[in-house]
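Read through the structures below before going on.
One chain, subunit A, links the two complexes that follow: it is found with subunit B in the first and with subunit C in the second.
Moving on to the complex of A and B:
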């Protein structure tokens, strides 16, 4: 069963298209990483899935229903982001008690264990927490709600490295114990890639790639060596990224479509073949030019 | 598999290689149940689907077999298969790398063989 299905989804703010004819499908009980540059439409997409925003055109179904203004969807999904509107009159303990009433599967024990582990104080108020502590409290809500669909938009904003690692481990453990669907948007692809089953990469409001994370990591290959030889090996191929190193060396990233023999011959020709990490690849793929920021400075 | 020479090895391959080492070290006998995808996910902090991929590679190579509803078990020929795979694939590839590098450095075959002989096992990390 698919949890989310959308076709030709478009969202316009004034004249600006935040989502532009986006189509994809996410199957049940997977952890999907939503990856894209700032302003690529990730948050808009999550808001539409959560039913907070209505699409301009196109179709979206969450649990086979239209999400906008839909109570069933609200009850089965939790959307965690850094602008959470939590009641300012309630202290943290009261917020947890209130949340328990909203979510059918709420696990109060888990909530309080996480609460203690992360050293919260029951009488604190949400608005007085630091940025990182707010994010940490948000993830307690997100995990304890145990909704069939959990959306985390940049959940680790402001968290220190130790808390981020605890968070990833907590998601994994709770997912193993209670399999359900997660969508996590993050700029730290290198940190979350092991946690993910699939990657959905969006660029300029469109789905650019949607792949199992392991395929994503093997999708491209880096070739480094003498520029003339590299050029010979990469002509007629889809070039994703290029960089010149020194006077006569270059590094080119292309689609990984070489056979074992070709790879062996390339090595014999003195080329260095390397795999491209998921996080580097996502940077290259979402960049506007092959050379990235260097192109800006290469107009001299 | 594709990119093992090139530094960053896919996680599922690292999983299958780790399991192979566990079998070679005798931590799992034939017909013994091996870790489930969920146990592996916990141990290595990875998505269970990735762990499953590592297990399935070994099942495809008849190093593990599936019992419906019970999990994966070690086949009676597992050790031999792992050893012959390592010899014919991993070791062969490493040798090719060495020969290639020796060639780049103008080291003759005879010289290379001397170097191999002179390398006592004690110095080499297992």
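Moving on to the complex of A and C:
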């Protein structure tokens, strides 16, 4: 059974389309990274999965049911994001107690161990926490609820590096102990790529790529060398990114479809072939093919 | 594979209701504050009558808890609006809910709040009596109270609660409309006051008085009950229907 399945999913806000004919399928018990630039529709997608928003057209099924206004789906997923509304009248411990009542699989022991580890104080109030502390508290909710589907939208907002790494480790440990589905949207792909099994890359509201992480890492290759030679080698290929280095050197990222023989020849031609890291590739794929911020300033 | 949990509407309702009693406790502090304020105003008395002859002078001050009831009704209107606002709405959507259970648990919460409001409003009459006893220090002619006429006290509590509940229903529909579109922030008061004004100018003010008379002048408790229940039931039902497709926005 697939956890999420959607076909031609479109969501319009007033005039612009946040999601535009998006189709993909996520199988169960996977940690999927949802990658995309700001405004690419990641949050909208997660909100539709969580049943907060209703799709304009298209079809979405979560656990084979429509998520909007669905009590079963609401009980089986938890949506963690950086604008969580938590009751202002309850202190942190009372919030945990309230959440424990709502979620059947709630792991109170884990919740309190994490609570102590991140040195929260039971009588603190959520609205008095700092940004990073709020995010940390949110992930305690997300992990302890132990829902069959956990959605993390930018879960590490405001966290320092140490806490971020603790969080990734916590997700992995808990996932191994209780396999279930996670979708994590993040800007820190380099930090989470070891955690992920799959990458779902969306661009302008469409699913651009949906691959296992291993394939994603080898999906493209970087070629650096004299501009003229590079140009010759890349002319019939799918160019993902180009960048000029100095006056006569350039760096081009293309789809990795070279045979071993071709690589050998390229090296002898004086080209430098490098692998492209997942996070760089995601930036190239979701950005424009040509030009960058430099071109904004190099207008003559 | 982790098995899916199935939840029933009633189980979710119970959880949401008990959660709301704790999470929304602020509204009860507001109630205490408002009622104390109303008690203070009531100490002025609602009326005075005096007569005197050569040898005797009689002054009668009337005190009543009407102010408290009125303030509590306003409170009912306000809390119903407050719990439809984003901050309270979205609290629900953090945990397990759908729109129906969200609305139904709000209804249950408001019913409870009305009963508490009605009860404390009735009891405040005793507070007024005690204060006037000590500070006015003159003869008190008793009226209905918990000890002297339990039946009337219960009936009073019940009808007061119903009045408050009617205000809640009104507040809930107004709050829901405002959540659907911001234009209702302006539109609702304009329609209300504009309507009153237009009806008054055109000489049709009897419509308004008849409407208020319909609710407030009913002398049969049973009919009154039915009228309030039906009116607020309709208001709540329309609020439920209107908000059933509403999206959660941050």
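Everything that follows uses one rule, which is that the second predicted complex is superposed on the first by the 295 of 300 C-alpha atoms of A that agree within 3 Å, B and C clash if a C-alpha of one lies under 4 Å from a C-alpha of the other, contacts with A are read in each partner's own complex, and residues count from 1 in each chain.
Here is the rule we go by: a residue touches a chain if its C-beta (ideal position, glycine included) is under 8 Å from a C-beta of that chain, and two chains touch if they have at least 3 such contacts.
A quick note: this is a predicted structure, and the numbers were derived from the prediction, not measured.
Undergrad: Between subunit B and subunit C, positioned on subunit A by superposition, is the outcome a clash or a fit?
TA: fit
Undergrad: Just subunit B (first), just subunit C (second), both, or neither: which does A:93 touch?
TA: After superposition on chain A, A:93 lies in contact with neither partner.
Undergrad: Examine A:157 and indicate which partner it touches, taking first as subunit B and second as subunit C; both and neither are also allowed.
TA: Touch status of A:157: no partner.
Undergrad: Counting only touches as set out at the top, which of subunit B and subunit C does A:268 meet: first, second, both, neither?
TA: So A:268 only meets subunit B here.
Undergrad: Taking C-alpha centres, what angle do subunit B and subunit C open up at subunit A, rounded to the nearest 10 degrees?
TA: Nearest-10 rounding gives 150 degrees.
Undergrad: Could you figure out whether subunit B or subunit C reaches more residues of subunit A?
TA: C
Undergrad: Touching A:21, do we find subunit B (first), subunit C (second), both, or neither?
TA: neither
Undergrad: Between subunit B (first) and subunit C (second), which, if any, makes contact with A:76: first, second, both or neither?
TA: Second partner only, subunit C.
Undergrad: Once chain A of both complexes is superposed, is A:224 in touch with subunit B (first), subunit C (second), both, or neither?
TA: Neither partner.
Undergrad: May I ask you to decide whether A:85 touches subunit B, subunit C, both, or neither, giving the answer as first, second, both or neither?
TA: Once the two structures are laid over each other on A, A:85 reaches subunit C alone.
Undergrad: Once the two structures sit on chain A together, report how near the CA atoms of subunit B get to those of subunit C, whole Å.
TA: Minimum C-alpha separation, subunit B to subunit C, in the superposed model is 16 Å.
Undergrad: Determine where on subunit A the residues touched by subunit B overlap those touched by subunit C, and list them.
TA: Common interface on subunit A, subunit B vs subunit C: nothing in common.
Undergrad: Please name which positions on subunit A make contact with subunit C in the complex.
TA: For subunit A paired with subunit C, touching residues are 1, 28-29, 47, 51-54, 63, 69-72, 74-76, 83-90, 94, 98-99, 101-105, 146, 148, 178-180.
Undergrad: Give every residue of subunit B touching subunit A within the complex, in rising order.
TA: The touching residues are 2-3, 5-8, 10-12, 38, 41-42, 44-50, 53, 96, 100, 104.
Undergrad: List the residues on subunit C that touch subunit A in their complex, please.
TA: 1-7, 9, 12, 15, 18-19, 22-26, 86-87, 90-91, 93-101, 244-245, 247-248, 250
Undergrad: Flag every residue of subunit A that touches subunit B in the complex, lowest number first.
TA: 30-31, 168-169, 172-173, 176, 194-197, 212-214, 217-218, 221, 256, 260, 263-264, 267-268, 270, 273-275, 277
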